[in-house]
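Here it is: the structure, laid out below.
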Amino acid sequence: MTVMTKMKGFATAAGFAATLMVGGASIASAEDVVLTMAVPDWPPTRIMKKFFDEQYKPASGNKVTLDVDFIPWPDFYTRVNASLTSGEKKYNFIVSDSQWLGAFVEGGYFRKINDLLEADPAFMETFKSIHPNPLNAYSTYPHKSENYYGFPQFPDVLVNFARKDIICHDEEQKNFQAKYNKKLPCTGEELDAMTWDDFKNVGEFFQRKKGDMLAGAPAEDDFYGIAYQAGKGYDFSSMQINGFIWQMGGNTWDETQIPNGQAEGVVNSPEAVAALEKYLSLIQYMPPVAKTGTMDIFKSDELFREGKVAMNINWIGLGEASLDPNSSKVSDKLVFGQMPGTMGADGKMIRWSNIGGQPFVLTTWTTDAQIKEAVEFVKWWLSSEIQHQFAAGGGQSAVKSVYEDPKYVTYRPWNRAWAPQLDWQKDVWHVPQFFELLTQQQDQFDLAITGKQDAKTTLDNVAKFQQNLLTEAGLIQ
Amino acid sequence: MSTIEIRKVTKRFGDFTAVRDADLSVAAGEVVCLLGPSGCGKTTTLRMIAGLERATSGDVVIAGRNMNELPPEKRDIAMVFQFYALYPALSVGQNIAMPLHYEKLSKAEVDARVIKVAKIMHLTEVLDRMPSHISEGEKQRLAVARAIVRDPNCFLFDEPLSRLDVELRHSMRGQIKEVLTGLSKATVIVTHDQLEALTMANRIAIMRDGLIEQVGTPHDVFAKPANVFVASFIGTPQMNLVDADLKSFDGKNASVSLAGNDLVIAADPAVSRLKPSKVTVGIRPRAFTAANEKAADTIAAQAELIEPMGAETLIHARTAAGGDIRVVVPRDKRVKIGEALHLRPDPKQTHFFGEDGKAVRA
Amino acid sequence: MSSTTATAAPPALMTLAPDNWKLAILVGLAVSVIAAITFPASVSFWIVGAMAALVAAAFVVNAFRRKYYGGLLVAPAIAVLFVMNIFPLLWSLGLSFFAYQSNNQSIRFVGLNNYIKALTNDLAAEANWNALVNTAMFVVFTVAAQMVVGFLLALLFAKQFPLRKYLLILVLTPMMLSVVASGVFFTYYYDPTFGILSYIMGNITGEQFILMDNKLGAVAGIVFADAWMWSPFVMLLVLAGLVSVPKYLYEAAAIDRVSGWRQFWTITFPYIRGLLMLALLFRTIEAFKLADLVILLTKGGNDTMTISYHLIRIANEQNKTSEGAAISYLMLFMVIVLTNLYLYLANRRSHGA
Amino acid sequence: MSSSASFMERLGFRKASGVGEAGWGRTLFVAVIAFIYFIPVLFIIFTAIKPQNLALSVPPTLSPTSFFGLIPDQYVFSPTLENFGSVFSRSMTTGGAPEDTGFDRYFFNSIFISSVSVGLALIIGTLAAFGFSRYPLKGNDTYLFIILTTRMLPAIVVIIPIILMFRTVGLSGSYIGIILLYTAFNLAFTIWMMKSFFDELSLDVEDAARIDGSSEVKVFFKICLPQVVAGLAATFVFGLILTWNEFLFALLLSGADTRTVPVAMNQAVSSGGRGTDWTLLAAIETLFLIPVFLVTFFLQNHLLRGVTFGTVKR
């Protein structure tokens, strides 16, 4: 055998293998459409899959399959990022954090959907029925532009989780009144009206040692008044700190002002520094784990469910576990309110908060046949009926007609605080540099939380880094 | 005083009894060989003396002190191991010096003693080498050197020569004996080689299946074996042990039926203790003289196999009863295969053993 | 090598023969380069692959014809290693000379810039340097702790005693746990509210005890968890050395009244030195890669960021692929220097002995 | 005195019967230390049989039994096997009916992928080790070192090319892909280990067999291989322990059907919209520990002998 004939042989073999591959990718015929979706593994996505399997009847008559890859939350980003950036082209739909939009749109992975909206008025109508704040957060890149990418999967906001049995106890009410000359909030409405100062008072008031009297009985363990996220991981302090900064008149770097919006002078403005100081000053009233920089949203939730704190600011998305008696010692003692605000000079409450939750997006390699079915699926998903079922099953809806329906507040105890809060949600950066901005900021916040540097230095460092990075990237001139 | 005494020492491993009720005493300056086939318990006995094994029962007394509860390092003994147990990471000199560290001598003193011993054992040339780079004979000498470098209560040797070739073994036997003579310590040597035992020992203890069968001087164990086992174990070629019927004994001569011959032979007066019965008659191969014709005190046999051994010739002869008798004759005595022989045993070297296998002797 | 009975002379360079591997390399290289330039990546990938297979086949035929059994035996391993390990390594080595972010498909040759940035840029270099210092600290502490604990454990098990087999498996279990599970449970053990450690310390001192709120405690917590998990590995290797020491050497030492300390250095240690070196080598390599425990326990807080976690952030979260590759090659360089130093020392000692 | 065994001796607390051996006294001492060392594992196992609501109780519950009143009641929990059931079937939506979690599949995947890849690495690696040992090439040590180098780089660096390669060849999410990858992952260690075993063997026996007319193949299988069984066992156990718990490659290269337990385990680390489900995580880990524990236990004797044989006189 000569080299040439052998080469031919190899070429044939390679060609054969290649044919197999191509064949493998195009097996889905016009009648059989498979939509592959990468989602985090938790109830809101499990329920979506369940509804689809049980109820979805495609109008086209095609056989549509939703092939969902449930990926455990802690590894979700790693897996999705690797799949996208390696060019694996595996998924048609991806649940994405709103902040990832820029990075993956710029990389050419997320598909812009304006053309689909324009081509389908019904789709546009459904789309526009979403509250503008979540819509901006979940769908637009550049942030607050007219370029749309995503649809809400699980919209989420921060609310105040509180324990009725503690805060409504007569003795505690009396003592609180005596000490602060103010009523200790007890009902949902009273919680809504809380400012951060009230929140601080609760923290100070309910700091009890093991054996001290608590709500009429000796405490079985050390007890704390308040908790909120103060962890180094992912965005587990920024999401809370941003709310403080916005409420107290400061700002984060504003990408809608590109290229003129600055980081230095804005991010570390005196207002922002004061806000961070306020945030930090409350940590001393929280469970000791806050001092280690690992009090993320899961830890504060765990402490609350185990009955170690009276009030906890956390995402609604973590709420179900509090209601479940198997995983919660306080399941029958709960009351929910809006996240505290800041009293303005004019006596009006100023409320801002960082939005949570996730949209899902379409990827650029999705074929036309798939897109047709995908649009139908999204319309179905955002339809009032399904959104109602979703909310009843533990989800949240950002569709106006759904959350304004009087039935909506009956689904879950925190839903009372949902609609009003949507009006004051904001989001942070959607730029591709998101992760660099976030990790540096989280590192700096962690240093402040664990008492290694003060608020001013922290924000100066953050501002300096952002200014450099964004200037280098051409986003600041 | 450098003495060793063991009394009623027994060692059991689970159900297996390795050594049973062993008694032995070794005087100062005496060399005792523990001799026996493999698995007879001789090494276990030695290890109990050394303290490497604990006796299940019985006492080990060294230099007049009961050592039962003492670990080896407190017994002040020196031992040469079968595989030499040279410390592989130390040079020859360092190996010799190891036992001296305990005595906290000055470096000069240690060096002096190492060199002295190295001279005795002809190791001066290789003092700086590693054990893996010296010859088998040097290794053996090093093992001995390490034992004699200090002044212990006693010496123990475990098969010291078994790894050497015949020639080396021969010369080492002499060397070790020479060294030991100068030290006047109680010494126990374990060996399975009777030549080694016979040449080196003052006394030999022969062991079988955990029992000491006989203790005696090399001459004693050879000339007066206590039982069939010792008789067969000591001496080459092996003693002829022939089953016989003792018919009568008149106080001087015994009349036996042996290998198809009726034989009258002078015997020890103690034979009178035996009733007419089955006995075993033991005759060393060198204890025969060849008679020209059949007589009352001869055994008839036919030469079957002839093995020249140099100075002597070993003849395997077949008796009428079909048994095999080994006979050693001088080289100049020519025997042909198939030749009929009339063998006259020397009564002085003829041993009678009772049915229990014990020698019958006054 | 052993079979010197070569059956055929090697073919001349330009002969077309299935065992002419030299020609195969030439053709393969030429075709690959042309293909890489002219065709898109998805096509040239296959052509390059076919060329690699061609060269490999030529090697095999050549080895078979001339009875180079060594080559034949090694070939499958080399093939798997090449495809799954060396090829990706070379790929990322190549990437380290480009400006490339995996989520931003443009690519540009920048030479050594990534290395220069990693070493000198005022922001990047400081973070790298800091992570490197921390990594060095963790390497020293975790490896030292593992060696000491593993060694002591091995000493415990060196002698034969009843039930040894069952007790040994208990001690081996920690290294069989998945890092995620044991790491997550260590966060629980160290938790100031729920954890056992704080509960015990609180009951003893009467004060609230928080382990992880300072650098010392955080490092101690990570080192403890890591040493707990991997000391059994060291133990196993050391134990293997200990049981391989012939018993009669210890008997001889007992007879020679050698002190315990001297016994250890002159008899035991020479036997386990090789295995200790092996344990040291493997544990050092692993310690350089320490990331998961740090992520689970501190997220790099309290100044516990390691180079490997730093790398995960850069290469994975921030998608700065080529920068990450440059840093990891700098790290690889250090590991290689260090392991060669070990090997050099190990060989020198054993030749000297 | 000496001949009469004391009470303690009859109980088994006898003094060592020789150098290198120890009695029950040592057993007791080691048992205490081994137990202390084992406590963190034991705690995980106990958490697996705890009722869910006691997982984070303060004071921590420590034992499923009071040991006849030895342990105060507040530290005792009543054991349950429910958590093991939840590993395989539980409600994945709020208030929904229990559904299959797929863990039976994940366990199968872990066992299948680990055993095949470690076995494959053993076969290929042993051949290569024999080659390196008997037919050394020029610069042999350099090749061996390069092979070792492949284990020094953090996995995250090589992962992107591998994903792309897998995608191009159509291996992503397949068993073959991840098995091949793990095989490579284990090869370095296998070759290093097995080479040192072959180096130790006496060449005389092999030469004798060759003179007797045995082929090279026969020499390898009939003469060499039987002598390194202990080494094979030890290498298998080490490889298995490393592969069994491998996470990053498994996360990025396995598909929904080929996912292994370490990846799926993270379901319990942030499960159902909350933080760690401690009892579930413990139950998964406990089940996951059993196979590798058993293999190690049964190959334990080889483990020690194997390691020794191979490396001591390197």
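Note that the chains are named A, B, C and D in the order they appear, and that numbering of residues resets to 1 at the start of each chain.
Basically, a residue touches a chain if its C-beta (ideal position, glycine included) is under 8 Å from a C-beta of that chain, and two chains touch if they have at least 3 such contacts.
This one's a predicted model, so the numbers in the text were calculated from it and none came from an experiment.
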Legend entry - Chain whose mean Cα position lies farthest from subunit A: B
Inset, instruction - Write out the two chains that share the greatest number of C-beta pairs in contact. - result: C-D
Inset, instruction - Please list the single chain whose C-alpha centre lies closest to the global protein C-alpha centre. - result: D
Inset, instruction - Between subunit A and subunit B, tell me the centre distance in angstrom, where each centre is the average of that chain's C-alpha atoms. - result: 92
Inset, instruction - Report the inter-chain centroid distance for subunit C and subunit D in whole angstrom, where each centroid is the mean of the CA atoms. - result: 17
Inset, instruction - Let me have the rounded angstrom distance from the C-alpha centre of subunit A over to the C-alpha centre of subunit C, please. - result: 37
Inset, instruction - Quick one: report the Å distance separating subunit A from subunit D, using the average Cα coordinate of each chain. - result: 38
Inset, instruction - Going through subunit A residue by residue, note those that touch at least 2 other chains and give them in order. - result: 17, 78, 82, 85-86, 221, 302, 306
Inset, instruction - Indicate the residues of subunit C shared as contacts by at least two other chains. - result: 102, 193-194, 251, 254, 316, 321
Inset, instruction - Two or more other chains in contact with one residue: find those residues in subunit D. - result: 16, 19, 56, 58, 159-160, 265-266, 269, 276
Inset, instruction - Please name which positions on subunit D make contact with subunit C in the complex. - result: 12, 16, 19-24, 26-27, 29-31, 33-35, 37-38, 40-41, 43-44, 47, 56, 58-60, 124-125, 127-128, 130-132, 134-137, 145-154, 156-162, 165, 168, 180-181, 183-185, 187-188, 191, 216, 241, 244-245, 247, 261-262, 265-266, 269, 276, 278, 281-282, 284-285, 288-289, 292-293, 296-297, 300-301, 303-309, 311-314
Inset, instruction - Write out the stretch or stretches of subunit A touching subunit C in their complex. - result: 1-4, 6-7, 10-11, 13-14, 17-18, 77-78, 81-82, 84-86, 103-104, 106-109, 221-222, 231-233, 287-289, 291-294, 302-303, 306, 308, 432, 435-436, 439, 443, 446, 450, 465, 468
Legend entry - For the subunit C and subunit D complex, residues of the former touching the latter: 1-2, 42, 45, 68-74, 76-78, 80-81, 83-89, 91-92, 102, 153, 156-157, 159-165, 167-182, 184-186, 188-189, 193-196, 199, 228, 236-237, 239-241, 243-244, 247, 250-251, 254, 271, 274-275, 278, 285, 288-289, 291-292, 308, 311-312, 315-316, 321, 324-325, 328, 331-332, 335-336, 339-340, 346, 350
Legend entry - In the complex, subunit C residues that touch subunit A: 16-18, 20, 23-24, 27, 46-47, 49-50, 53-54, 57, 102-105, 123, 187, 191-194, 208, 210-213, 218, 297-302, 313, 316-319, 321
Inset, instruction - Report the residues of subunit D in contact with subunit A in the complex, numbered from low to high. - result: 52-53, 56, 58, 92-96, 159-160, 163-164, 167, 169-170, 172-173, 251-252, 255-256, 263-267, 269-277
